[in-house]
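In order of appearance the chains are A, B, C and D, and numbering begins at 1 in each one.
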C-alpha cells in the first residue's frame, strides 16, 4: 500500500519536474518548484522522515520560493529560447542516470529490514540514543549529540551563506533605494 | 501593502503566534519533530512577514542590520562555545556528558544549548538575507 | 517483487536527472538554480529511501512500537537540506549582482559580453 | 591539552570567523584572522611532529566512539596537508592587510576576513576528518565561502566566474554526496576506517562501483582535472589577489588529498587499481590535461589567467604521479602538492604586488617592470623557474621524482611528455619575462615601483621556499615519502 502511494507521489514529482523544464514563464517555474518541494515533503512523511519533511516544507516551499520570487521581481521573468539544442548535457545526463541505475542494481530491496544500513550503527542509535541523551526523538539525539559536529558544520554553512550574501549584496548601492535614510549604505565607486 | 488595514490587523494578530510557535518548536525538538533549524526558520518568517506588511524601514527599526549581523555570529559562538566548555571541563570537544554532574542531565543541557545556537543563527541569517535582498529593489 | 523493490530507486534517479538536466542544459540562471534545487531534493529522496524499513514508523521512540525506520539518513539529509538552501541563497545573490552588472541573466548573453570586454 | 589539539585545529579558525563579525571595527578582524591562522599553523606543526613516525591519532568528537560518532583521524598525510593549508594562510594573511585595503571596499573588510577564515576552516576540516559525510559538510563550507570571495573581484567577470564555479562545485559536491549515500546503503557506516573494513567483501557489487565513480567524479570536479577544469581559469583570474593566491595554493590540493584518501584508505588500492582501470583513466586524463593546459597557457594575454591554466597543468602532473600506482609516483605527487603550493603561492602573490601597483595583470602592463619593480619581478622569475622545473628549485625536485617513477614503470614516453611540457612552461614564463625585462615601459601613465615591504616580505618568503625546498629536500620529500609508504602499506 505504502509502496503504491509512494510510486504515485513519485510519478507526480516527475510530471512537475518535466513541466519545470518545459515552461518558460519563470513565475510558473518558481511556483511549480514550490509544489515540487511540497510533494517531496509528503513523500518524506510517507517514508517516516517527519523531521526531514518538516524542514523540506519550510525550506523548499518556504524560504527558497520566497527568495526566488524576490529575485524574479528584480530580473526578467521570461526565459529566452536557447539557440542550440543541448546535445552534450543530454549525453551527460543519460550517462549519469545510466550509471546510477546500474548502481542501484545491487542495492538492497526498497524497505528491506535486513539491509546493511539497518543492521549496523542505526540499531545502536535506536536502542541507546533515548536512554543516553533523554531525547525520545532519535533524529534530534543523533543530530545534536552523536553527530553534533556535523550540525556545527551545518550552522557554519548557514553562517557562511549569511556572510556571503552580505559580502555580495550589502552596501555598494548602485541602485536607487526607497528608503534613503539608512546610513550604512553609501554608493561605491568599485561596484 | 502598508496601507491595507486587513493585512495589518491580521499580521499584528498572527506574528506573536508565529513567534510563540517558533519557541515551541525550538524547545520541543527532543520529543517531536522539529529543532533549532526549523524554529529559526519560523522565527525568521515572523519577522519577514512583519517586513512585508509594515515595510522594510520598520523592519530595520525592529531588527537593526547591525544587531542581526551580530546575532548570526553569536549563534555560531554559542554552539562552538559549548564544545570549548566541555573541553575545559575535561571532556572531548562537544562531549555533553561532562556539562553536568549526571551525564543524562549534561546531554540534556548540551542539546538544548546547541539547538538554541542553531536557532539564533538561522533566524538571524533569514532576516539578514531578506533585508539585503529586499534592499536591492529596482 | 524484485523489480518492484527497485522501482522506487529508478524513479528517484529519473527525478535527479530531470533536475540535473535543467541545471546543465538551461541557460537561464534562475532556471539553473531551480534545477539545482530539484536535483538536490531528489538526491535527498534517494537517501531517505535507503532509510525506509517496511512496516516501520518514524524514529521517535514510543511505547508499543517495535520497528522504526533508520534515523541516520534523516539526520544526514537534514544537514544536506540546510546546505542546499545556503547554496540557493548564495547563488541567487550572485544572480542579482550579475543582473545588475550585465543587465541579463541568460548564460549565452553573459558569455558573449565576457568575450567582448 | 595536547590531546585536545585535533579538535582545536579546526575549531580555532571556526570560532575566529564569527569573532571577526563581532569585532568588526578597523584592523581587528584582520588581527583575529592572523592570530587564528598562526595558532592553526603551530598546532598543525605539533600534530605533524607527533604522527611523523607513522603513528595515527584518533579523536572522538563529542566523546562518541566511531562509528557512532564522528572521528578525527590524523596520520602523516593529512597532518602534512594541514601544515600546508595553515602555512599558506599564515603567509598570505600578512600580505592581505594592504592588498585587501586596496581591492575591497572598507566596510566589507570584516566580512572578507570572516570569509577567509571560513575557507581556512573548510579546508582544514576536509583534511582532518575521518567521516565520509563530515567531509561533505566541510567541502561545502570551503566552497560556499570561496564562491563569495571570488565574486569580490572588481571585474564583473568575477561574478559570472563565481556563478560557474558555484554550479560546477555544487554538482561536484552533490555527486560526492550520491556516492557516499550509495556506500552507506551497502555498508551501513560512514566512518572511513569502518568503510575500509566493510568494503572489501563486496568489491564486486555494482553499487560500490557506481559509488566509486560518483565520489571520484565529484572530487575530480573540485580539483579541476582536465576536462572538468572549466570553472578554474576565470575564477583564479578575476578573484581578489589574496583569494587567488590562497585558493591556488590550497583548494585544489586538499581535493587531491581527498582523492588519495578515498582511493587508498576507503576503497583500497586493490579495488581502485585492480578492479577499476583507474590507473589508465587517470594517466590519459592527466597527460591530455598537461599538454592542453600548458599549450593554452602560452596564448593567454592576462598573466593571472596564464598562471591559472598552468595550475590546471600542474594538477595534471600530480594526478599523473598518482596514476603510476607506485611509491615513487605517489611520493612525486605528494611532494608536488607541496612544491606547487609554494610556487603558485609565490607567483600569485607577485601578481598581487603588481595588481597593487598597476591595478591589472595584463601582459602589456608588464612592459618595463623588470626595471621599475625589480624585487617583484625577481620573485616572479624565481617562481617561474620553479614552475618550469629548473634544478635548484622546488619544481625540479617534484619533476625529478615524476620522471623517475615513470622510468621505474618503463613508461619512457610519459617521461618524454613531462620534459616536453616543461619546455612549454618555459615558453609561457619566458613570454612574461621578455615583456618585463626587454620592453620599455610606456611613455605615459604613472611610474610604477615595488610595493611596500608588507607585500614584498610574504612574497619573498614563499619565493625563498621555492629555492629552499629545491636544495634541502629532507623535510618536503621526507614527509611525502613517509605518507606514500603509509598509504601503500595501508592497502
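Criterion: a residue touches a chain if its C-beta (ideal position, glycine included) is under 8 Å from a C-beta of that chain, and two chains touch if they have at least 3 such contacts.
None of these values were measured; they are calculated from a predicted model.
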Chain pair with the most C-beta contacts
A-C
Per the centroid of Cα atoms for each chain, what is the distance between subunit B and subunit C, given in Å?
25
Taking each chain's mean CA coordinate, subunit A and subunit D are separated, in whole Å, by 29
Starting from the mean Cα coordinates of subunit A and subunit C, work out the distance between those two points in Å.
5
Flagged in subunit D as touching 2+ other chains are 14, 17-18, 21, 61-62, 133, 137, 140, 144, 147-148, 151, 178, 184-185, 190
Residues of subunit A that touch two or more other chains: which are they?
50-51, 55, 59, 63, 67, 70-71, 74, 100, 104-105, 107, 115, 117-118, 121-122, 125, 136-137, 139, 143, 145, 147-154, 156-161, 163-166, 168-170, 175, 184
Which residue numbers or ranges of subunit B touch two or more of the other chains?
31-33, 37, 69, 72-73, 76, 80, 83, 93-94, 96, 129, 132-133, 136
Among line, ring, star, complete and other, which one matches the pattern of chain touches?
complete
Subunit B to subunit A touching residues, read off their complex:
29-35, 37-38, 41-42, 45, 48, 55-57, 60, 65-66, 69, 72-73, 75-76, 79-80, 83, 93-94, 96, 103-104, 107-108, 110-111, 114-115, 117-118, 121-122, 124-126, 128-130, 132-138
Please give the residue numbers of subunit C that touch subunit A in the complex, ascending.
1-2, 4-22, 24-28, 30-31, 33-35, 37-38, 41-42, 44-45, 48-62, 67-79, 81-90, 92-97, 99-100, 104-106, 108
Quick check: in the complex, which residue numbers of subunit A touch subunit D?
99-100, 102-108, 115-122, 124-125, 145-150, 152-154, 156-157, 159-161, 163-168, 170-172, 184, 188, 190
Residue positions on subunit D within touch of subunit A in the complex are 14, 17-18, 21, 61-62, 64, 67-70, 105, 107-108, 111-112, 114-115, 118, 121, 125, 133-134, 137-138, 140-141, 144-145, 147-149, 151-152, 154, 178, 182, 184-190, 198, 205-211, 213-214
In their shared complex, at which residues does subunit A touch subunit C?
2-3, 6-7, 10-11, 13-14, 17-18, 20-21, 26, 29-30, 33, 36-37, 40, 43-44, 47-52, 55-56, 59-60, 63-64, 67-68, 70-72, 74-76, 79-80, 82-83, 86, 89-90, 92-94, 96-97, 100-101, 104-105, 107, 109-113, 115, 117-118, 121-122, 125-126, 129-130, 136-139, 142-143, 147, 150-151, 153-154, 157-158, 160-161, 164-165, 168-169, 174-175
